[in-house]
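Heads up: the structure comes next, in structure tokens.
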Amino acid sequence: MAKRISESLITKIEGHGSLHVDWEGRKAKLHVVEGERLFEGILVGRTAEEVHWITPRICGVCPIAHNLASVKAVEDALGIIPNPTTVLLRRLMMTGQMIQSHVLHLFFLALPDYIGLDRATELAEKDPKAFGRALRLKEVSDEIAFCIAGRNVHPTTTTIGGFHKIPDKSSLQRLLRMLEKTSPDASWTARLFTSLPYPELDADLELLSLKGDGYSIYDGDTISSSRNDDTSVKGYKEAIEEEVREYSTAKFGSYRKREIMVGALARIAINGKGLGQKARKFAKSLDLNNPFHNNLAQAIEILHFHEEAIMLIEKLIEEGMDGTVVRPSINPPLKGIGAVEAPRGGLYHEVHLREDGKVTYANIITPTVQNLTSIEKSSQTLLDSNPAASKEELKRLMEMLVRAYDPCLTCSVH
Amino acid sequence: MKNLYAPIRARVTRIEELSENVRLFRFKKDRGRFAKNHGGLTFIPGQFVMAGVWGYGESPIGILSSPYEDSFMEILVRKVGVVTNALHRLNVGDEMTIRGPYGNGFPISSFEGKDVVMVSGGCGIPPIAALIEYIIQKRERFGRVYLLYGAATPEDILARKRLDTWGRHINILLTVDHPSPEWKGHVGLVSEMVKDIEINPLNAVATMCGPGPMMTALERILRPLGISDRRIYVSLERKMQCGIGKCQHCVTGDSYVCIDGPVYNFDEIDKNWD
Amino acid sequence: MQREAKKLKVGIFDFTDCEGCQVKLVSLRERLLALLERVEIVNWRLGQEKNRMDRFDLVLIEGCPITQDEIDLLKLLRERSTHLIGFGTCATMGGIPAIMDQKERAKWYNKIYGPQYKPRGIDSLPLTSYVKVDFLIHGCPVDENEIVRVMEELLSGKKPAYRGYSVCFQCKLAGNPCRLINGKPCLGPVTQGGCGAICVSGGSPCYGCFGIRDTAQIEGLLDILKGMADKEEIERYFTMFLRYTKEYNEIVRPFMERENG
Amino acid sequence: MIKNYKMEPVIERNSIPSLLKILSSDYSIIAPQERNGEVVFDDLKDPECLVLGYKVTILPPKKYLFPPEEILFTYSGKGVRTPSITSKKLLIFGLSLRDLEAITQLDEIMSTPHPDYFYWKRRSRSILVGVTDESVHAPPGGDLILERMDDELYRAIPLTQAGKKIVKGRFFKKQDILPHKGEGNQVMEELRKLLLDPETLAEAVKWSRAEGHPVWEELGKRCIGCGICTYVCPICHCFSMENSVSLDGSTCTRCRKWDACTLPGFARIAGGYDHHPSQKKRYYNWYYHKFVRGYKEYGKSQCVACGRCQTYCPARIDIEKELLGIVKDYREACG
């Protein structure tokens, strides 16, 4: 019992799951064993203002994404269009979120696989300089979150229609200096991950991402597929289906009944033209059919969002800030959808409210739910395309593959 | 101006395990001896030191050794909190920290020429022990001197070896609640030994130390002996942080136990609201 | 100074939760490396590949033991560890999942997963519902400085201490306008300090994630809250994190019942 | 003290920011400014942000002389190190008369029975400049007080050499002025009157407890023990020590931190016995210190009627109202 679960869990991923391989029949299944928290139930009966307080607790690795998806959903339901300062600050929060999450995943969870270490902290002994760079990037992204969101994990400053509190100019200037100092670290990360030996795998991926203007992660309004099959965010629920499987507490998602991959690789595939100048150079080396390259895509995104953060802060300082909180409109629709690109891909929150502001219905679709089907499929491809490899080697490769997707099982069982 | 909150280094030179929870620590200053006052004493019996361990804090603890001794001091440490636990982990040779001595101590010069009755129980012995050492040195200046000492079991009687020495100079009345088979002395409450005391109540002083219940012994021992509240001295225990009358933790009524105490006339504390 | 000659054997485990407290642990950065110098992490699923299940001097548990497997593992860890410490509000008080009790959970399994689904989760209760826990590091999420403080105390052989002061201490230092004075509910006065009043500083309410402090004057606070919020709202505040505390059951609930009738 | 029709130094209100700008080359300037709708003392980065004529700040300026947290020493195997306090000299600007009076009291408290090293290290490197709308009869303390004459003009009352030196600067000129009838600070005027007779206050507070006055039972219930009244009090000065061994085991630190006597555990000794086991006892102790023990020690109440504890108490306990009630009942019973 207890022994079983602790021994077979995949290490260095967020949440609890294990790969079950039927070696005879050569079939791979991903068992998610995370306990159900039933957030969609927790939210019902709570107030509109509590939604974005509760949902970040779905995931401590991408709390800002959940926070903003909720805020956007409630604002949509209340007919609120936030002011430009709010949007810039939220986009800045999202850049911090992306760097935080990617740095954690790349350096602490994924990198040891590629350089033959057990744990990231071994790197601290072997190459303290490199590790120092990772820590500095972690620090700067945490500082963005502290400064704009009020805390590095679970925001405190955001509210419906704007911010409880916006940062002052001097703290933005401080952030800017920190970002400028860490620019070389961001470029170094992209170079490092370009140089890693990724296993070959042609998984014939369909990639899916939100699309808007530029490299849109906060305000994309179209769900866009690499197979040219787009949907408006309004139709997210019809397009993305969730299926309950008896071996998993997480549902398995699909897009128009097809397995799709979401996340950094998909974003670059769909929105690559919007990448910052420095990041764009690295994007050429991506293999869009190899899920292992998701790690490289994440490293490229670190560089992109680092650049973007600087641009956003400069804009905020230049244009001045307006801390006004926008109030609900008269006769709002009371039903709203909020979609953002979380670090692991498209995240959808839907909320229905009563007149008095209480939640009557909530629906949440997380990126990892969408990826689970693809992870199983890619694992199967890996199994099928390596008939000669040993069990141990296959197991190692498959765990690495799961990790490359950066699954957040915690999110998936919300 | 000095940083009065920074302690000095001291070194543990001896540890005696007196019971499961109580240890005697002897320590010396890292450099030099303890300074003597003009009366030739390193402290006044009844005074305490803030004893501690770097990083763990300090506690007010009464000094047990003789006030004439300047090469070391001794304290009894009962294991109750973070600091005393840290002290109990020390070994001979380890460093500890000291501030003080602090507090008023007994008004020893006013004790001269009088009969002295000292009542103590359990761990309340340290200030009394120092007082006894002081009295013994100047034995001729005092009248009849009694120590009434009660403990739960014979094993709980602290400083037994010193009791033998003291017994040659003063009257010692021992009692235990739960005797061992070898115990030949008195069994029962301290108050039951009152009948063995002969003093002139109009020219006597008394001291009381020890756990709370000992205080109720006042009614049964010292009052029956006829000693007035004004001449009964009590040592109080309070939470202390600074030891020098600033932090406010040790206040009782209008006074600071760390500077105005720990020794009070009984009638003084009787009036305090807390 | 006292140093432990032997490195403490530490296990870090997570049950059902958001893992944000482990993220906080990683956010210690250089301080995490300093900590790792003093301890040997023998089991940390999120942080390393090679993990052992032998005896632990210290086990940190993040998350709420919702499934039977987690409850069993918790009991096993209790047997194998000298100090077992709850890490974050899910572990110490049930956390956000504890907003719903077992009965409500049953209803939502059906709505979310459908009638065919066989739930793994049993109930969202704090660790203390199943085993004796030596210390609770509260917080949703835990605070970096508090992690360091408790670790320093443990490493130096102290029994870690809870903060005696309320959230109000750091809230005043931060220069925040008092929510209660401005007619907005706040659990700061009855909540253990140490969080830096970070939520109130950001403009959010304090829902008490750092746990009820020692000898909190809860009835006094309820009297104040009564003047600014209806029963349902007060209930919502106390059930965000504190539903399974003794104080909620022994003081808040009876107070509400008295108010009703 | 103030003679009529005398040439006196004055400064125009508009010149004050420029004065502060000049002074900032010698001092770190602390002054009242607005933050989140509250007025707080903070580093004055931009003299234009200075707020004058404010009612009260959340935290009193004591935080600059007696910080909420402060390291008393660090110890490494090599020895004890007391942190040095050698930062730029501090100029606290815009203090109310009551805050000046409170610092005068703190000076006395921090000198008795021993001078407090840390307080005095900071205090001796600081200059206090009061600014007031009230007429200044007996200056309560500080180095310089600026008394508002009208919307444009402040009269300068230098009290020390340091104050005189500032007044010599180019922003001050000499001018005939009429005696000013200040508006007075309306905060806690009644309590202010009570404080003139600290002996009666002391007797009344003592009496109220001895006679079992119901006020303590009631306040013991209302007080939520958050500690705010003591943090915002310009004279309260309780503290605790926190001792720690660093994460890497190399250094030990003792830190002193503001404490509050209304918090549980304040009088609890190791082993668990609590000398103030109820909120009623703890809350009474707060009054007892301010109005009884304080009076016995220094001949005055440890209160300047600044109004902070009343303004910032979440339970809305009004110390002025409570004391007026106690004194009234005391006078009726004993008068």
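To keep things simple, chains are lettered A, B, C and D as they appear, and every chain counts its residues starting from 1.
FYI, contacts are C-beta pairs under 8 Å (C-beta built on N, C-alpha and C of every residue); 3 or more make two chains touch, one makes a residue touch a chain.
Note that this is a predicted model, so its numbers are computed, not measured.
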| item | value |
| --- | --- |
| Subunit D reached from subunit C - shortest hop count over touching chains | 1 |
| Chain nearest the overall Cα centroid | C |
| Contact pairs, highest-scoring chain pair | A-C |
| Taking each chain's C-alpha mean as its centre, the one farthest from subunit B | A |
| Inter-centroid spacing, subunit D versus subunit A (mean Cα positions, whole Å) | 50 |
| Rounded Å distance, subunit B centre to subunit D centre (Cα mean) | 40 |
| Centre distance in Å when subunit A and subunit B are each reduced to the mean of their C-alpha atoms | 66 |
| Centre-of-Cα separation between subunit C and subunit A, whole angstrom | 25 |
| Residues of subunit D whose C-beta touches two or more other chains | 36, 75, 244-245, 252, 259, 266 |
| Multi-chain contact residues (two or more partners), subunit C | 1-2, 156 |
| Multi-partner residues of subunit A (at least 2 other chains) | 165 |
| Chains touching one another, given as label pairs in label order | A-C, B-C, B-D, C-D |
| Subunit C - residues contacting subunit D, complex | 1-3, 31, 34-35, 37-38, 148-149, 151-153, 155-156, 164-166, 168-169, 172-173, 175-178, 180-181, 186, 188-190, 213-217, 219-221, 223-224 |
| Touch list for subunit B against partner subunit C, complex | 53-56, 82, 85-86, 89-90, 95 |
| Residues on subunit D engaged by subunit B in the complex (per definition of touch) | 72-73, 75, 80, 82, 109-110, 112-118, 120-121, 209-210, 237-241, 243-245, 252-254, 256, 259, 261, 266-271, 273, 275-276, 281, 284-285, 288-289, 292-293, 296 |
| Residues on subunit C engaged by subunit A in the complex (per definition of touch) | 13-24, 26-27, 29-30, 32-33, 36, 43-51, 53, 64-70, 72-73, 75-76, 95-97, 99-100, 104-105, 107-109, 111-114, 116-121, 124, 140-141, 198-199, 201-204, 236, 240 |
| Residue numbers on subunit D that touch subunit C, as the complex places them | 35-38, 40, 42, 58-59, 63, 68, 75, 77, 221-228, 231-232, 244-249, 252, 258-260, 263-266, 279, 311-312, 314-316 |
